[in-house]
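As written, the chain order gives the labels A, B, C and D, with residue 1 at the start of each chain.
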Amino acid sequence: MGVVGPLAVRGEYVDEDVYVPLATTEAALIASTNRGCSAIRAAGGARVRVEDVGMTRAPVFRTAGLEATRSFVHWIEERIDEIRRIAEATSRHLKLLDVRPKSFGTTVLLRFRFSSGDAMGMNMATIACDRIVREFIEPETGVECVALSGNYCVDKKPAAINFHEGRGKRIFAEVILEAAVLRRILKTTARALVEVQYRKNLLGSIAAGAQGFNAQFANLLAALFIATGQDPAHVVEGSLGITCIEAFGPEAVYASVYLPAVPIGAVGGGTELGTQREAMHMLGIEANAERPGMAALRLAEIFGATVLAGELSLMAAFTSQDLASAHEKLGRGHVPTEPRPGRG
Amino acid sequence: MGVVGPLAVRGEYVDEDVYVPLATTEAALIASTNRGCSAIRAAGGARVRVEDVGMTRAPVFRTAGLEATRSFVHWIEERIDEIRRIAEATSRHLKLLDVRPKSFGTTVLLRFRFSSGDAMGMNMATIACDRIVREFIEPETGVECVALSGNYCVDKKPAAINFHEGRGKRIFAEVILEAAVLRRILKTTARALVEVQYRKNLLGSIAAGAQGFNAQFANLLAALFIATGQDPAHVVEGSLGITCIEAFGPEAVYASVYLPAVPIGAVGGGTELGTQREAMHMLGIEANAERPGMAALRLAEIFGATVLAGELSLMAAFTSQDLASAHEKLGRGHVPTEPRPGRG
Amino acid sequence: MGVVGPLAVRGEYVDEDVYVPLATTEAALIASTNRGCSAIRAAGGARVRVEDVGMTRAPVFRTAGLEATRSFVHWIEERIDEIRRIAEATSRHLKLLDVRPKSFGTTVLLRFRFSSGDAMGMNMATIACDRIVREFIEPETGVECVALSGNYCVDKKPAAINFHEGRGKRIFAEVILEAAVLRRILKTTARALVEVQYRKNLLGSIAAGAQGFNAQFANLLAALFIATGQDPAHVVEGSLGITCIEAFGPEAVYASVYLPAVPIGAVGGGTELGTQREAMHMLGIEANAERPGMAALRLAEIFGATVLAGELSLMAAFTSQDLASAHEKLGRGHVPTEPRPGRG
Amino acid sequence: MGVVGPLAVRGEYVDEDVYVPLATTEAALIASTNRGCSAIRAAGGARVRVEDVGMTRAPVFRTAGLEATRSFVHWIEERIDEIRRIAEATSRHLKLLDVRPKSFGTTVLLRFRFSSGDAMGMNMATIACDRIVREFIEPETGVECVALSGNYCVDKKPAAINFHEGRGKRIFAEVILEAAVLRRILKTTARALVEVQYRKNLLGSIAAGAQGFNAQFANLLAALFIATGQDPAHVVEGSLGITCIEAFGPEAVYASVYLPAVPIGAVGGGTELGTQREAMHMLGIEANAERPGMAALRLAEIFGATVLAGELSLMAAFTSQDLASAHEKLGRGHVPTEPRPGRG
């Protein structure tokens, strides 16, 4: 467990310098992200904005065909208030935001979207859907729910619907880096950064048929998730997203990260374990019953700024071709053959 | 850290019953995967096959255009032996398997593919590419390498090229489950399983624009990766793949998992840490200098069978709608609001 | 120009048997689709449902970053009524349905969705967006529109957003084929059809990383589009979609086609040419000022049933491996080397 | 049917100025593409390169599982010479280039790739595969071919494998446009073009989850295909690809188009019809038995340059927001409501 920072977060909920725990066996990640934090600090901080998309669960149903589907979807729309009542009765932290149907042939998927306070919400959403389905939809309509999850949520598989609609928290972070900061801290130039961004995050990702257009969202999120008790498998959602680096004036750059689907929680699950609780404490994340959801939004803002820090430093490393050498220098002595996993 | 098993692995390298460590905060995952292990045991074991695709790294270059690109790619092809020599001089464990170019406009990506013995190989591949690029390709051709990774490798972003070409280990596991096993152990039927498979892993994933057609590869791989010291961010690659469940006779099923891109190592990186070393020992994974690569292949076979076990049990859980109730029963007492992350 | 039919269409707007013109150089397509029409006729007709998603155009804007984007999107939401007024003033047939923003970094895409009566609507939408942007958004906000189309519409490129959100007409068609019809007309069985569907439209498409899960939507739509004066390049949108064939009882099948994005018009563009006008007349498609949009919906229903007819016959042809032989028999004598383009 | 040109093609097979027929109801397309031709002419011509990827057909087989699949694939590899002999006996124009297997579970796809001389080759490939499968593979191995096309070819559906592996002809075209040409002919600047390219073809396409990163490949290809007797449904493959526009010095641009999958033929199919034969004659495309395949390569080069011309002009039109006004001015008088289909 390493710590990076101070990271200057300029969000709506977090407007301070924080120290961020990262759980990783890769010393180079800590050093590199720290360098990104320095650059962000020199730039006056990372602006961050987050949106609570909500946690989704999408049961899949089988109908007799188009007419039955039409009636079924209409029935769902007509009963939305009752459905909401049933869902929200399963937990005082749960709110049903909407239900979006997708149907074809004899298949109907209902993507339920819930806000879940400070919890990541997957369990809450599953329990709520189970209640809605077993106690209301199935008995009332006679339509069979084939599975409580129809892979349209989508949980832990990369998917366009998560990229487009979001899942969990949608996170934006940006910073403007002047020439002096680029040169002094990141050992790079605007021109070189923009070129790497173009060939790697845009053209290379396009050529690869990718759903992630970034250098290493997954590395930072994995380290953050493990440190704070998130579900590490949700790194899959977190790998979706777009890094942008654009010329800003003749020698500066505008840099941003966009992560549309980051399922995280400030309470529950692994967040309750000892080390993870301490990490949350270090981050100043504390659930407050009077402001439900605020802690998770604060956490999301910090995650966004941290991802930006890591992204900036790695992208800069590419411009000076020092990726391999950085890894060589920072390896752990006791690894004879494979010093550390590579990055990006 | 939990343990599942005995898991009957019938691979080419592992043909025994093993106990498998899973690092997770989700008790339900352990219980569920154990149930899958029971089913596999009753079925005589999981047949597993693995292929060493190799670790990839894809530097991106800028040329002056089509003619320059053509000459450059031709030059690479002509010098492949020298390139191989330079690469393989960086480590005695490294072999260059091939280089596949992709070009358009002024951009050339060279996807280098290496075998790396028992190591996951990302660092080795990066160092080798760095040497090839800085000491040979750039000076000899004058063509500029814009970045050592052009996002065409692809490391830790979901991408079609990884799905299609593979990365790390390509893993296949299968088993035939008779009616009695389905009923007694998984509490399900062939008919119900095939229906869930159709609506969820096939149609639901298709509707979602997914690159993963499975219930929870990512959950099992995250738990296995953390337990054995793999890079957790590589769960992104591991989430790609296809589960198939087909009727086999009137009441049995054929079930398989296909994971085209699983970057793992039996040595190096986090595998050298104390707890992870013990986990490897439990799995019987020991690098042998006389059989380089064997330990990683054995590990891959065990991973494949474990993923299959988890997949079977979760898919069966969906048929009896007991997903939510299982989570409710197995939650950890000290979690007030969000018992555990949901699954699948 | 060939003709298929009678095609028994059981839609909401078309509930009759129609003869359908297909413009193709491939005699096999006519014969095959006719066979599908026979099967549909014997089955009592194809049920069809259509939805008018509307025509989309998505200008792309550049802002200074997150704060500016937030203000801009908020401004758009606040001014939606004015925006609607300006858009609808450009044509009496145009209605603005909604505007959906997508933003990250310094980029904002606004996907405008319009209903356009009986016209396909691309020109109308472009002109309306041009008015909105140049006369209102840009002057009022100072935010620069970089391009009137940001490739987020998406016009004539395959894209997940078209698959998910739709574009033009969303079309569903289904039919149940009993064993006798399968055997007598399509020379196949339920079991064989379901197997081909599974291996080809589902697993094969998945393996290929496809966005179309069907045998030949594009062939039928190309022939229909050219016959009726649609824009042939819109076959790209039309190739998206899902064919489903499922066992229905022991020996029958339920078959459906789902086409989420079919941009078509009953008036305007090439529909006004002589031959195409006649084709529309054959189909009974006539714009009626008192029922704007009805003619296009009728056309969509006929298209859906025709695509279903072609799909059924081709899928059945695969089960008896007679694809190649059908092509060999129906070739045009004067083609020495390449009789006709292959299909599916 | 309109004509554009003179188009200065600087290919390996075509090194002259050609007049190109375009079949379209959209006068604006002709005018716009002509403008692109002017720009290319002023720039000294479009450099074009083409590769004959070959026509593909991918039968799908069902095995008993992993072991059976392994034996089957091995058998195919061992018998490749016999397979080649059988395939090539079906037509003197056909050569089998390779067979690439893809397997998982009980499914095996074999993507056969053939060169087919001057023909597009879909029929040839289908007939050859039919012979190989029915007379050799099935009887010899006992493995059942479920369908002659497993949707892994992929014919007429957008798919990553076509983007990555190619299909038919792979086409590259490029040109450098100096400031004077940009200003005088395209009424634009390097800076504006590069900005539109970035926000539209790169970021917009990325946001849309697209497989086409271009403005209007499909429009030009549709017009070219219909004019020359290609299969219009193959516009689906043609819509895949990447346009690049990059700063070249302070005021010029490098512009390129990359089309990885363009199935076309110089003989056969609709190319034999009267009007289409004339179009081929206008293009100087004539099959020569002593140089099989040359005519198709020449045609591909002309297509590439034409697509580039259309792309340049439309991208430039976006920079001056004149897309809507161009359409308004060039509409056909007799279209009351919907002048013409929109573009790009």
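Methods note: a contact is a pair of C-beta atoms (placed from the backbone, for glycine too) under 8 Å apart; a residue touches a chain by one contact, two chains touch by 3 or more.
The model shown is predicted, which means the values in this text are computed figures rather than measured ones.
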### Query
Looking at CA centres, what chain is most distant from chain D?
A
### Message
Half is the threshold here, strictly exceeded: which of A-D, C-D or B-D has more than half of its contact pairs identical to B-C by residue number?
### Response
A-D
### Task
State, to the nearest whole Å, the distance from the C-alpha centre of chain A to the C-alpha centre of chain C.
34
### Task
Determine the centre-to-centre distance between chain A and chain B, using the mean Cα coordinates as centres, and give it in whole Å.
21
## Note on the structure
The positions of chain C in contact with two or more other chains are 102, 104, 107, 160-161, 163-164, 203, 205, 207, 209, 211, 213, 242, 244
### Touching residues (chain side chain D, partner chain A) in the complex
160, 163-164, 202-203, 205-207, 209, 211, 213, 242, 244
### Query
Okay, in this complex, where on chain C does chain D touch?
25-26, 57-58, 60, 62, 91, 93, 102, 104, 107, 109, 116-127, 129-131, 133-134, 145-152, 154-162, 195-196, 199-201, 203-205, 207-219, 221-222, 225-226, 229-236, 239-240, 265, 267-270, 272-273, 318-319, 321, 323-325, 327-328, 331-332, 334-344
### Message
With touch defined as at the start, can you tell me which chain D residues reach chain B in the complex?
### Response
47, 49, 65-67, 70, 102, 104-107, 160-161, 163-164, 172, 174, 176, 209, 242, 244, 246, 254, 256, 258
